[in-house]
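What follows is a group of structures, each given as structure tokens.
Note that chain A is present in both complexes that follow, paired respectively with chain B and with chain C.
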Partner chain A sequence: MQVTVKLFAFFRDGRFKEEGREYPAGTVVGDVVDELGIGRDEVGVVMINSLQRSLESPIGDGDVVAIFPVIGGG
Partner chain B sequence: MNRLGDFLRQRAASGTIALADAREAAATFRRPLPEIEEQALHLNIMPLRYLRNGLRCQEQLSLVQARVGIIGCGGLGGTVAALLARLGIGRLRLVDPDCFEEHNLNRQRFATIDSLGRPKTESARRAISSINPAVVVEAVVRPFTEADIEAVDIVVDGLDDAGKRLELAAHCTNLDRPLVHGAVRDWHGQTGVATARNRLIATLYPNVREDSASKPPVNVLAPTVTVIAAIQAAETCKLILGVDSPLGRNWMLCDLLEDVFEHIPA
Partner chain C sequence: MTDKIFRINMTDLTTGIEDVPAAWAGHGGRGLTSTVVAAEVEPTCHPLGPKNKLVFAPGLLSGTLAANSGRISVGAKSPLTGTIKEANAGGSGAQFLARCGCKALIIEGQPRNDRWYSLTVTPEGVVINEENEMIGKGNYEVVETVTARLPGKPGIITIGPAGEMRMAAANISVKDPDGGLRSCGRGGLGAVMGSKKIKFIAIDPGDGKVDIADQAKFRDANRAFAKALVDHPVSKALGQYGTNVLVNIINEAGALPTRNFTSGQFDGHDRISGETMHDTIVARGGKPKHNCHPGCVIQCSQIYNDADGKKLTSGFEYESIWAMGADCCIDNLDHIAEADRIMDDIGIDSIETPVAFAVAMEAGVLPFGDGPGVCRILREDVAKGTALGRIIGGGAGAVGRAFGVTRVPTVKNQAIPAYDPRAIKGIGITYATSTQGADHTMGYTIATNILGVGGKIDPLTKEGQVELSRNLQIATAAIDSTGMCLFIAFAALDDQTCLPALIDLINARFGTSLVGDDVVNLGKSILKTERAFNIAAGFTSVDDRLPEFFYTEPLPPHNVVFDFSGEEIDTFWNF
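Our next item is the complex of A and B:
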């Protein structure tokens, strides 16, 4: 299935801002994170089609997945 | 009070009063300077230092009467404290257990060669007294407690640890205090106003618990800190003045590499 993945802040470094990618049926957001080489503990907000979801949420054909990093410094 | 009022009216030129005259009133009537300036604002006389804020006396009085707690007084917290002092927030409670270290010098407002090894909040209090002597600053050198939140109207998040942020947000929710959040890393920052309704901090840190182990310190650039702290100070001011803000409904991500600010629904 075809999924649009959007990355934010330093997750873009060495990757991309937005890209169409192919994933098999049954893929969850955490699988996308793993495939991109992002540590799951580095992930903050994730959204599917602008609604907040979790790493365990399944994604479907045509979905837009947005992945934001944890930003914690002060 | 009438004699003080007469004194202030007599010294007020074009509806403003200079610091030297306010100090003379404080000495003559044996009152603290903040009380003198508050009284002037009640009489529609603007302390000269606030003239270019462009606010009405009643609005400036709201700022002068406000109590803001700044939890964490390093990068974000220190810069927010300096900005709120210039705006004229009357009471600042600064809470931080730490002393300045050399690696703070790249970004922390009150970190100087002379302040190394000294408590951050004490250094901030001293510096603020020369920015605005009419601000009452409480410098608290210990980790925050619920009592710190109870003592103020609005809380500013200057922490650098997600678990502690959740703990702070829990206190703010319990006591119904808005929490003006900010966080930074490298060229990126985020900010928003957390309330009991939007549960913003839990949204931003979904995989963290209050007792989660602290992460190693992250890299932060001074411009990122300054931008996010400036937005936190503006949001604090708007909360006090009752000005509606998009950051009451959204959080904002700031990318200084791309010069992009994005609102994301809270």
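Our next item is the complex of A and C:
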């Protein structure tokens, strides 16, 4: 299935900003994080289609997955 | 050096030094400014008249070597909201005032003539001087001229032309160690300083130092406290990208108010994001990391240069960039930076003012996206005080009233900042119930609603939001009393060593034996003191509501409205 993956802050270093990628059915967000070589403990927030999700959340065809490190501001 | 109250009467131009009343001894920062205003200011007085008082207070730990303890609080009755107000900022003002032995500087009265004055604060007290040269000048020129005029390197607190003209969005600026400006931004306190006819305050502590009751305990506590701050991953991202790291995540969450709060996502988000800003700063030889006061271990400030490598602005914050950017649809970071510099120089709030511009854009005063137009109006109208400039300088509410716009994002007449309360419901509770009008810093639910700090609560549901906002507002009132930067809260929420170390620091400084519950009770009592002032000023629970359009206009992309009833909001105060 086709999935758009967006990376933010230093997760972009040596990787990409946004990319269309192919994953098998049954993929969860954690699988994407692992495949990209990002430590799971570095991940602060994941969203699927702009909704807050977790590393265990399943991904569907056409989804937009956004992966952020632990960040803050305000 | 024993802490004292420094009092200045601008009616008869006298000054005095007083002992600290016992009831004020445990207070600092916001807790002290709000306690003094509640005790000494008639709640129904005109904010720009002689009965209002302007109170400056360093935090409980300011002037010590405690990490991140350089915030100064300013309090008064606000000319923007009509409520009690506290605004705080970094810079060197808090540390220098504390080293003068000044627990609070209370400015009261009002000159009966048209003369302008400056104050010089030293450990010996305050001297009032007549001031002519700096009147009408911008903050950058004031800082440069006064630094050259006075011996040593004085701390400087100043107002720009907006404060002199008593605009309701005028701020108070505090010089940082590099001659940059930090702003006590919200609520128009610069207008109160202007109404007292004080252009600037110079602070020279000489060799003055803050007493520490137990040096060894203080050193140990500070080591543990600084480690908790440095170790927290949020601190790393703040140092690298500044607070502007938030543009992309708030946009992704569908909560970035865009085009005067008509959408939650901005097409140009990546062009104004923290990531783009970082790369631009590095490419132009600026500084991605910069501290606004000595002792900051997070360093979220930065130096942003123009295309020629010349410094354009510093302390370039997410909220300012969001407001000029997404809310006004300006996707050019250089235009936003130029506007930021002009606003700092004029001395006007960089949240209130751009939100006012977005309302003016909706009214057709200028087109959305017109960055050069914004800079032109700032220079030619706001700085010079034309009729249009004074309307915009009166804030978003003033623009809405002048031009008949109904979509005006304010609570208690203060502009709503960078998180749409329809898509992040917890922050809507904070905006509605804050004692000071809409203000994200009063109870930053974004941490838990969006960033996953201090747990997770879904931003789109109602469950748990009132309790979350209440707990954060109580904790924030206490933190704002310590002189600590609010960004210690990320570590305090996640790292169990952080808050005990902070309490140890306070105990070591004063020889007290406070525990965690004392800090919570301090926060509660500050909120109740502030609310009591507002009730006496005429506010009711009906004022604790969001503007109508948040309940009726669904916000894309989630197409959600703010759906808390008045009764649900009012449960906030059940403590």
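The definition used in the following text is that the second predicted complex is superposed on the first by the 70 of 74 C-alpha atoms of A that agree within 3 Å, B and C clash if a C-alpha of one lies under 4 Å from a C-alpha of the other, contacts with A are read in each partner's own complex, and residues count from 1 in each chain.
Methods note: a residue touches a chain if its C-beta (ideal position, glycine included) is under 8 Å from a C-beta of that chain, and two chains touch if they have at least 3 such contacts.
Not measured: the values here are computed from a predicted model.
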| item | value |
| --- | --- |
| Which of chain B and chain C A:F8 touches, first, second, both or neither | both |
| Partner chain in contact with A:Q52 - chain B first, chain C second, else both or neither | both |
| Chain B versus chain C as contact partner of A:R40, first or second or both or neither | first |
| First (chain B), second (chain C), both or neither touched by A:V70 | both |
| Intersection of chain A interface sets (partners chain B, chain C) | 8-10, 44-45, 47, 50, 52, 68-74 |
| Residues of chain B touching chain A in the complex | 72, 74-77, 157-162, 165, 182-190, 203-208, 215, 217-220, 253, 255, 262, 264-265 |
| Chain A residues touching chain B - in the complex, by the definition given at the top | 8-10, 40-41, 43-45, 47, 50, 52, 54-55, 68-74 |
| Chain C partner contacts - residues on chain A that touch it in the complex | 6, 8-10, 12, 17, 42, 44-45, 47, 50-52, 66, 68-74 |
| Complex contacts: residues of chain C adjacent to chain A | 233-234, 237-238, 240-246, 248-249, 252-254, 270, 274-275, 300, 318-319, 440-441, 444, 446-447, 450-453, 456, 458-460, 486-487, 490, 557-558 |
